[in-house]
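The first chain written gets the first letter, and so on, giving A, B, C and D; residue counts start at 1 in each chain.
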Amino acid sequence: MRPILELRNLKMYYDTQAGQVKAADDVSFVLNEGESIGLVGESGCGKTSVSMSIMRLLPENARIISGNIFFDGRDVVKLSNDEMNKIRWAGIAMIFQAAMNSLNPVYRVGDQIIEAITAHEPNVTFEEARQRVASLYKLVGLDPERMDNYPHEYSGGMKQRAIIAMSLACNPKLIIADEPTTALDVIVQDTILRELEKIQRKLNMSMIYISHDIAVIAEVASRIAIMYAGKIVEMSDSVAIFKRPAHPYTVGLMSSFPSIRGEKKELVTIPGEPPNLLNAPDHCRFVPRCPFATDECWKAVPSYTEIESNHFVACFHPQNLKKRVSINA
Amino acid sequence: MMLKYIGNRILQIAILLVIYVAIVFFMLHAMPGGIKTLLISNPKLTPQAQEAIIRAFGLNQPLWLQFVDYMKNVFTLNLGISFSYYPTPVWNIIAERLPRTVLLFTVATLIAFFVGFASGKSLAWNRGKTTEYVSTVVGIITYTIFTPLLIFVMIWFFGSFLGIFPLNQFLNPDLWIHTRLNAQIVFLYILMTMVIIGAVMMVSYLMALRFSHKESTKKMIFYVSTAISIVFALFLWVVSPIGIYGADILWHMVLPVMTVTIISYAGNMLVMRDSMLETIKEDFITTARAKGLPDKVVRDKHAARTAMLPVVTNFVLSLGFVVSGGVITESLFSWPGMGMTLLDSTLAKDYPLAAGALIFTGIFVLIAHLVVDIVYAFLDPRIRY
Amino acid sequence: MMANNANMTVEPVEAKLESPISIRMKLMWRAFKENWKIFSQSKIGMIGLYIVVIFAVAGFIVYPILANTVWKTTSLNAMVSYNPVTGYDFLQNNPAPPSWAHLLGTDPLGRDVLAQLLYSTPREFMLGIVAALITVIIGTLIGTVAAYFGGTLDTFFMRLADIVLLFPFIPFLIVISGMMQVDLLTLALIIGLLSGFGGITIVLRSQGLIIKSRPFIESAKVSGASDAYIIVNHIIPNVMPLSFLYMMFNVTGAIFSEAVLSFFGLLNIKMSWGLMIYTADTAGYIIGSNIWNYWWLWLPSGASITLLCGAFYFIGRGLDEVVNPRLRKR
Amino acid sequence: MKRFLVLVLVGIVVVGILAFAGGTANYALLSDVTSLNIWSMLGPNATAWNFYPTLGKYGTLYGMSDLTYQVVPSLADGFWSPLEKVTEGGTTMYVTTVKLLKGVTWSDGTPFTADDVVFSYEVPFKLQMPGNWMSNLPPDLFVKVVKVDDYTVKFYITHPSGNFIYSVLMSVIVQKKFWDPVYQEALKQKDPAQYMMSYDKNLLSEPSIGAFTVSQWQKGAYLLDKAIPNYTFKGQQEIEYANGAIQYVIPSLNQNNTYYGTPEGTVNNKFVTGPYVDSIIYRIYQNQTAAVSALLKSEVDYILNPNGLQKGFIQQLQTNPNVKIVSNPSLGFQYIAFNMRRYPMNNKAFRVAIAYLIDRDLLANKILGGNTNPLSSLVPPGNKFWYDPDLKAYGEGMTTIERYQVAIKTLKDAGFSWLIEPKIQNGQLVQRGQGLIGPDGKLVKQITMMAPSAGYDPIRSTTALWVEKWANDIGIPLYADLTSFNNIVDAVFNQNFNFDMYILGWGITIYPDYIYEFFSSDQNVPGGFNAPGYNNPDFEKVAKAFLDATDMNVARQYAFKAEEYLNADVPYIVLYAPQVIEGYRADKISFAYTQCLDGIQSGYSGYGEPTYVQVIQ
């Protein structure tokens, strides 16, 4: 197993008129070949910013302040846009949040996939590309004849599948799936995620899942990183996080979502408003909403502690939680 | 499906036209002071003479009867007889002036469209840069400047100060007195050349779409066939005896075209810029970038292609209004086209001619509306009829 | 960057509770403040606003003061009169270049150019604003009513708009003003009606349709509000910003149209910026070297038309960023 | 209309006398020609622009001399014989014989004969052609023309009238050979007149009897007039003596005639007919600015414009030393009319008071900056024969205050009074009058004076506002209503004289028959020309006598008398004769004369000047 992607202390800030927004603050993680990781957090916590940093698709006012993103051994941060274009899709593909609008309405869906193929493999003829798209369609469970339709002639689920097919078009080593199923109904969500997982296993790709739904992620990702206010607050393999959440925020997150499988639990909402990333304070960012906060928490930013093997958490009081959750459970 | 839709639209357009003609007709007849007023200001006319003219124009009939007659005639393009050019039919006058206006303003509108499209595109793409800011402000200024003001300065600068371009008229009499050629014919030939080149471009584009899937091959087919047709047309013009006369007309067109372009490119530019800014924020643009497509491809193929829809509407509709001509431009550049006709007929109280010019513009605008619908169906697959 | 359209939606449920007027006022004030904040960030919009304010001050305050003080004719037999229409200056050859007596010189008939310029300013404002108000009132009413009721009414007004859109605007105005007597108010009325039944209806109708499909309209209906109540209290306030935006563009259009018509001497008015240029042009001062030798005959008025038209257009563009968040920078 | 035909040529060619300069003259037209068809041109399409390049193709039997405007034979050989009374079929008529010049040819070589004359009178009269045809051949005057032999015709009219000379005998002659087939075809149509007027085939090949013919018409761009090589009158000498005699020498026809006296004493003018140029290009420009720029750039040599050039253009042209500016009074006048059907305009003293108030010189020279000529009579001084130098304007030479004083006195004497009387002290108006009370003891209500708005005519609108000020100063409640030209015409002529006062203008003719038409009782009907509603039997008697006189010296005395009545009764106040200021390239062309009534362009519409113009090599 060798690492395909490594983030080292990534800092990505937005410059706004109101001040600096720290969308990704000291984010680090390693992703190995064939492995999948889930980035979980509320909306606006910086997960999308991380994925956009990896793709280097940042808005004008966003800057990578420091840190490195190694993809396949090369630091993506230092690449020129042209070099980056070679990595995009061929190396890292992406499945977007809003599948509905991710396809250009004025071109045929098949052509949009072919466009990606020919952009990276100029030697592929049009017919070969079409055949590849056809097989991809079969792989994601679409009728290849629908290739020549326009996006508006697809249903939401079909569009999502088409996007998945598109992401696979250039055999990327890594796929970032940003909320791949949010817009779909629950049954379709499940099917698509399962298929995605299956394909990932089959093709031995690495995968980053991004979602606000920890339950969904836990089923498909082998590891999970919980993000809060631009920082990763807890990271471990899915089972560990799901069974033994250490960070108060993780606990809250899990209670926020009904689980399809697990026992019926009362839904607990996390009190307070999501944090404002503007002018981040010098202490634990979860403090205002944390029921377990002590004076200590208001004074410093907690560093990562490895509470069990490969289970990192940035909290001053992780132990207490574990007990409490287990009692409740 | 499409044909049925077009059929429906044409029917709708015919109804709209009837209403439009009715409005124009009754409005002009409701105005105080008509041909009678005109005649009476000539002290040498006897009452009998006035009577004779009124009879000749059918002004002694009841209004509704005049209207029914008029309506019948409009559909056969018989727009009545001009007062000031009596007894020339209005249609003849329009047919004489139309090619001048159509040529001048089609060329200017086309240039303005492409300049506006390209500059709007790059403005939106380079949002936030100083050049963007300056170009936008300059664009807004040329867009809102009082047209005569700009023309005065253009005439002064290019005509009087530099003395490069001819200022007045659409041809040079010193050249034309040696020929029996009618300028109208030359105008029609130039327009025909433009239409043929346009058709070649269209056909080659469709052929390119059909026969190739490679972007570069498509472009090649398109550009090569366009270039061949232009070179061929130029060759024909150069060897033909009327070539020099065509060139003379084009040379006289330079300054007015430049002016109209300056006035109207900004409208297209600003629409394109806004539309483009909205499009850039669409998710499919992010997708296109993520696919690793070169910047230029993302901008042109994805953003501009989708953003161009409102600009195309703008463009086609303004082509419809080409017929009415720029009254100001035509009058200040001595270009006797439809705009001048409208102004002169108004000042001369020539109702039939003014009404004819208005109605003709209406017909063109209606056709433009139809064209917009069809073009939209081509450009935007979401629209199906 | 995330606030989508929040400024446009006045929360209807709150408005329905007690003392609706004061709450409405408060909400409107709040919406205004928010919108102002966005607007004031638009450089172009603010430049436009400054220009408009300068013209307004010049026309509505400075002119009356000057006309009643330094420009007031004291004697019945004075040699100089600053009346913008019947003024004269017997002490010099006219047109005369700017001097202390005439800061912007005199026109070919000896009338003070600055007086003409200032005298015309409020009239241009009134013309633009009256025309735009008529347009916007008609457009908003018809647009919202057509959107709300749909059906035959909708079809009728949309077809009507189609017909009005057929009219080549300037040529049409030229024909009308050539054939009947058109003064400023009539012109404002004609422009207002023409543009009111035209394109703006279509735009406001589609905006109305969007708002009609919002849930609060349904809830208002369920709670038993009458159609008129819903249109007046829910739909119109929500299309208002867009109406206001179009109003600015219409002011530009009206002032420009007046200038063009006056430039051809087609209007029955005593003085206007367009007429000033017309006077200079027909008298032969806008040709060859005269253009710069007699710049004061056309430049102040021409620049004023351009500036005021541009200013309202600038404001419109600034407002566009308020109404259409996607145009904003971030 | 006739004024456009005034200066028609008479002459003989002395081949060899004239050294032909040749070359091409370039003129600017400010509007396109609307038709080349003479029937239409003298019918509904009577515009100055049409006449400039085309009228010279045609001839008339009689015309007027250059500069002196005396009636002289043109295609006729000597004057008409005295009118004789005849009775035919129970109707009494007057008949006269006119001899035609022998040896005159059309440009296609066809000789000019009595057939052409009969045809040219018969067709428009029988087909009732509108416009100038109708006014040249009025049905209540003209009866018929009969051919006696190839060079003699007889004219039949209903009664003696000056118009017989100025209208009938000056009607246009066309070639029968060219038009007869068209006429025969027209007679088969439902509306023959319309057929004739809309005929537009091979008009460029229609033969010319004049010095030029239109050889090319590029619509919207230019017309090309080519000189006729075999022009009969080439080399004709027109010699004007100080004693009033005019001598015509036509070498090609061996003619030498003198009219109005004996050819002796000082020679005032001598003109030798050309043409001196090969061709004239009439270039069409859509506005004055374009035409003036063309003149500055020497694209054209002269601008044809019936209204002349405005002040600014003159200033621009003066910057070019090669451009010569000439200024002439126009043939026309602008006036204030009173509605004498209404109170108080029906009060003579009231009208006189207003007349006293109006200081034309101040208006014209100081306020309007010399753009117009003060004029107080219906006939301008430039119309030398018909002008009455003894007629005096009200308040001539008075200052504004003196005018106030005499106007106030006039009103007081007639029984007017004021609520607040206007007061004048030390040559200053110290108290404006207010509340004018009529002789009947009632307050005079507001009087509206309509005038064209500033956009249409700044001169008249400015005048109206000044008249308003002056009237208001002495308490006359006059209100200047600046409105569109059409509205005034509509109110005055279409709505049964619905006005108090108005300002408009007339274009006039050399023969002042308008003196009768503007004020006669038979024009005092809705739509008639007598807008003031003037009704004075004494005036009518002399005016009628003036019209009927065929001896112009007699006619003149009656005309002077009629004008005196009008001057006393003030139905009109004549204000100005607009100035016609023109410019031409003195380095490129030269004219025979530049000082004449209505400017150089008047010679063009009458086709005098084109035969004299020379291109400087």
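What we mean here is this: a contact is a pair of C-beta atoms (placed from the backbone, for glycine too) under 8 Å apart; a residue touches a chain by one contact, two chains touch by 3 or more.
Predicted model only: the values in this text are computed from it and were never measured.
K.L.:
Please state whether C-D or B-D has more C-beta contact pairs across its interface.
P.N.:
B-D
K.L.:
Where the centre of all protein Cα atoms falls, which chain's Cα centre is nearest to that point?
P.N.:
B
K.L.:
Compute the distance, rounded to whole Å, between the mean C-alpha positions of chain C and chain D.
P.N.:
Chain centres of chain C and chain D, defined by C-alpha means, are spaced 48 Å apart.
K.L.:
Measure off the straight-line distance from the CA centroid of chain A to the CA centroid of chain B, and report it in whole Å.
P.N.:
So the centroids are 53 Å from each other.
K.L.:
Report the inter-centroid distance (CA atoms only) between chain B and chain D in whole Å.
P.N.:
Centres of chain B and chain D (C-alpha means) sit 43 Å apart.
K.L.:
Mind pulling the residue numbers of chain C that touch at least two other chains?
P.N.:
Where chain C meets two or more other chains at a single residue, that happens at 179-181, 266, 281, 286, 288-289.
K.L.:
Where does chain D touch two or more other chains at once, residue-wise?
P.N.:
Within chain D, the residues that touch at least two other chains are 289, 293, 486-487.
K.L.:
Two or more other chains in contact with one residue: find those residues in chain A.
P.N.:
Not one residue of chain A touches more than one other chain, so the list is empty.
K.L.:
Which residues of chain D touch chain C in the complex?
P.N.:
288-289, 292-293, 296, 309-316, 319, 366-369, 400-401, 428-429, 432, 453-456, 458, 462, 465-466, 469, 473, 482-484, 486-487
K.L.:
Which of the residues in chain C come into contact with chain D in the complex?
P.N.:
Touch residues, chain C against chain D: 75-77, 85-86, 88, 90, 93-94, 108-110, 179-181, 262, 265-271, 275, 278-290, 294.
K.L.:
In their shared complex, at which residues does chain B touch chain A?
P.N.:
For this pair, the touching residues of chain B are 127-128, 213-214, 282-284, 286-295, 297, 302, 305-306, 379-382.
K.L.:
Within the complex, which stretch of chain D touches chain B?
P.N.:
1, 26, 31-32, 34-35, 40, 43-46, 128-132, 134-135, 138-139, 191, 193-194, 197-198, 216, 218-222, 224, 279, 281, 283-287, 289-291, 293-294, 297, 299, 486-487, 489-490, 493-494, 506-509, 514, 517-518, 527, 529
K.L.:
Inside the complex, what are the residues of chain C that reach chain B?
P.N.:
For chain C paired with chain B, touching residues are 44, 159, 162-163, 165-168, 170-172, 174-176, 178-181, 252, 256, 259-260, 263-264, 266, 277, 281, 286, 288-289, 291-292, 298, 302-303, 305-306, 309-310, 313-314, 317, 320, 324, 326-327, 329.
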